[in-house]
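Notes for the one structure printed next.
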Amino acid sequence: MASKAIAIVAGVGPGTGAAVARKFAAAYPVVLLARNPANYESLVEEINKSGGKAMGISTDVSSPESLKAAFDKVKEEHKDATIAAAIFNASGRFVRKPLLDMAVEDFVAGYDVGVKGAFLFSQSTLPGLLKHGEDKEAKYPPTLIFTGATASIKANALMSGFATAKFALRALSTSIAKEFAPKGVHVAHAVIDGVIDIERTKEWLKDMPAEAKIGPEDIADAYWHLSTQSRRCFTNEIDIRPMLEKW
Amino acid sequence: MASKAIAIVAGVGPGTGAAVARKFAAAYPVVLLARNPANYESLVEEINKSGGKAMGISTDVSSPESLKAAFDKVKEEHKDATIAAAIFNASGRFVRKPLLDMAVEDFVAGYDVGVKGAFLFSQSTLPGLLKHGEDKEAKYPPTLIFTGATASIKANALMSGFATAKFALRALSTSIAKEFAPKGVHVAHAVIDGVIDIERTKEWLKDMPAEAKIGPEDIADAYWHLSTQSRRCFTNEIDIRPMLEKW
Amino acid sequence: MASKAIAIVAGVGPGTGAAVARKFAAAYPVVLLARNPANYESLVEEINKSGGKAMGISTDVSSPESLKAAFDKVKEEHKDATIAAAIFNASGRFVRKPLLDMAVEDFVAGYDVGVKGAFLFSQSTLPGLLKHGEDKEAKYPPTLIFTGATASIKANALMSGFATAKFALRALSTSIAKEFAPKGVHVAHAVIDGVIDIERTKEWLKDMPAEAKIGPEDIADAYWHLSTQSRRCFTNEIDIRPMLEKW
Amino acid sequence: MASKAIAIVAGVGPGTGAAVARKFAAAYPVVLLARNPANYESLVEEINKSGGKAMGISTDVSSPESLKAAFDKVKEEHKDATIAAAIFNASGRFVRKPLLDMAVEDFVAGYDVGVKGAFLFSQSTLPGLLKHGEDKEAKYPPTLIFTGATASIKANALMSGFATAKFALRALSTSIAKEFAPKGVHVAHAVIDGVIDIERTKEWLKDMPAEAKIGPEDIADAYWHLSTQSRRCFTNEIDIRPMLEKW
């Protein structure tokens, strides 16, 4: 493995982001991005204490300036590092509302973080990913992963803001995959179709067995597997559901 | 037919928008929206001279204020009118560019007009469409149509801005369809998969027969047919290609 | 309109097939195919009495020999006729059953009629459709339409036989469209997503308004519109739902 | 891991099937099904010599009788064994031909092996898979995998036989997934979108780098990963392409 490869996770919260960060921290120094430092502070400490290497940076991925400042810090800390894996897991708040009751600010909120943010994050990480692809000692091809949702492929009533953002993110992932696969970067999109088992969803599906929810650490396993696929086998999309999901 | 029903077309240019406006003007007074008055002025004159009734309003559909001002003018001119048909045909400029060369302003331009604009246009027209659905004398159910493109279902390399906007527009159309069909509004999305035969594309596919391009007046026929479908037969999506299209 | 153009409908029953036959009989002599003569006899009489021209032929579309015999009769009756429209509306019986309880005969039944039958019907009608495309006096391009269902795009549990047949039929329609559009034949597939309002479904959704079901005559209108599209505007797929359908 | 769990691969040839068999043989005794014994004989020997356990059975998966005889042999050899993984990799011959030149036998050939065969294989393996799902000592949930192709989602001209079969197989996979996931069986479908690097394709894409083709052993890695996913993270579909694939 390249001695100076790192992994970057945007959108580190208590669920998928944290699990993905832990998983990739077993192989690479990790950089954790979140707007609210509370979302990564204890995780950074946990990883650093348990033999890994992590840094957290507070940033707003929808702001070019804020993201630039964040990546300046990354470069300072990890001079000359290549990027082995970049995972975009940010979604932005979204409201479930009748169309006629929805404020335009609410409608665009999902796009600003989840699509414009994904675009900016991709621009920020692709140079490092390309560099990793050229590193002969790199164990795996560089991988850029986007986290989608049921709404990536199904636009339900009252979900106009979230569904437009998630459909758009899926388009972004495919467009980047087609442009950068020939240059050696593996780009993948994951349709997470179900409730993820985190603190915030503790009360949901309460009377159902554990198999009614998706395990964040299981998503992390799937992402890790994607990041280990060879250049002769790129998976560009996976879906993920718990055993008991109706679909 | 209800005596006071109108049709509204957003994104009137020299191609689809104009043809749609002409077609619907045969049945309803029409309101034509475009940013640049040059795009509708001669058409408004043409329709008014040939026995129809048309008004043009210059507006930026991506601006809530501008659009509100436009619809205030519509209400002034067409007091108590219901909306029989609303067609959203605006796309916003888009650039075909490698991802790393694309300015964030270029990336979001397609979304601002084509998605946020579509959202605002829908909010502006749905009250009038719902009212039309309650009009017992209305001949056809009210219809809201969105114009999509190949990029609505296919995200190619270098097309990240356009494809994200078009995927998102398709999601918006479906979400609105599911919310408003039970309330009587027919919502449809058209995937226009091919080159439309207009002045700007005159030099494209020059050596091919006329059947290599899509006729704008043929798109208008298809939209008109959608607007005449009964409440027991709503088509929510059609695709359109010329005979000689490869797909 | 070409003086010797006919329309052929396979799968004439009490619903869509009959409505389509009536609609096209207003423009062309029609040939009605069904396994059971009871399915077309009164309709043939009705059309012939009301100024149209119809003939019915009993045939099993899944049998090459039976279908050949049927088309020999068509040629006898309509010497030198071109085919303006061919509509494939046959489905074959299907059973809703747990996979482990399904007999192989039940599983393949949908395919035999609905896919192999569609293939044989296409082979039987395409020469006449191509000839119609070359007729300079023909008003509209020749059109070949396949009737699909919700199961064409959604494979639910217990529906393995029907869903495999309907997915396959959609593939057949697209493959033929791509091969024959450049030769002038318009091929379209309709996803009928809802309950059609016929005698057999009288008791279904009984407490709901009429808009909870699809009108067969409305499907016929949509098919007729498809058959009138120009060579510069082929729609290859439409979906159809009643106003109150949940999807 | 359950002491008596086996893996079964149908459609063992020189490419994907053999690679999958080798991969799963590292964890389970494997049963290899192929019509032609030449397709598995040396592989069975290779696995048995290198510490694994393999048996080959000649069978025609499209024949209920032949498949029943094969599974009788499996039960004889592996009494009381559960099935940890069943992989359906058979396709049947297919011809690329203009629709009007295609014999009905050629058209249905892909369906007979690839869809009816997949249905019969599923019926034969699901009881053993369900049993594995109830085994408290089983390391992973039981997994049933179907091998698809580009034609599973794209129906091109001249490919009517292959595309109808592959669309149908995808429907079968989803229908079974929805029925059996709640009972603990993980069902997945893989869209193999590209040329697999095997003896038969040696001359294809000859001037391109190795990354223009898919590695069979890489497909096997992806299948193995699917078979290790937890009940809180079932992936029902993956796509697979080589780095240099255009799509």
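Should a chain be cited, it is by its letter among A, B, C and D, assigned in written order, with residues numbered from 1 in that chain.
Just so it is clear, contacts are C-beta pairs under 8 Å (C-beta built on N, C-alpha and C of every residue); 3 or more make two chains touch, one makes a residue touch a chain.
Please read these numbers as outputs of a predicted model, since none were measured by experiment.
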item	value
Same or different residue numbers at the subunit B/subunit C copy interface, by half rule	same
Chain separated most widely from subunit B, comparing mean CA positions	D
Centre-of-Cα separation between subunit D and subunit C, whole angstrom	35
Between subunit B and subunit D, centroid-to-centroid distance (C-alpha), Å	46
Between subunit B and subunit C, centroid-to-centroid distance (C-alpha), Å	31
Multi-chain contact residues (two or more partners), subunit D	178
Category of the chain touch graph - line, ring, star, complete, other	ring
Chains that touch, pairwise	A-B, A-D, B-C, C-D
For the subunit D and subunit A complex, residues of the former touching the latter	141, 178, 181-182, 184, 186, 197, 210-211, 213-215, 218-219, 221-222, 225, 229-247
Of all residues in subunit C, those that touch subunit D in their complex	64, 98-100, 102, 104, 107-108, 111, 115-116, 119-120, 122-123, 126-127, 151, 155-160, 163-176, 178-180
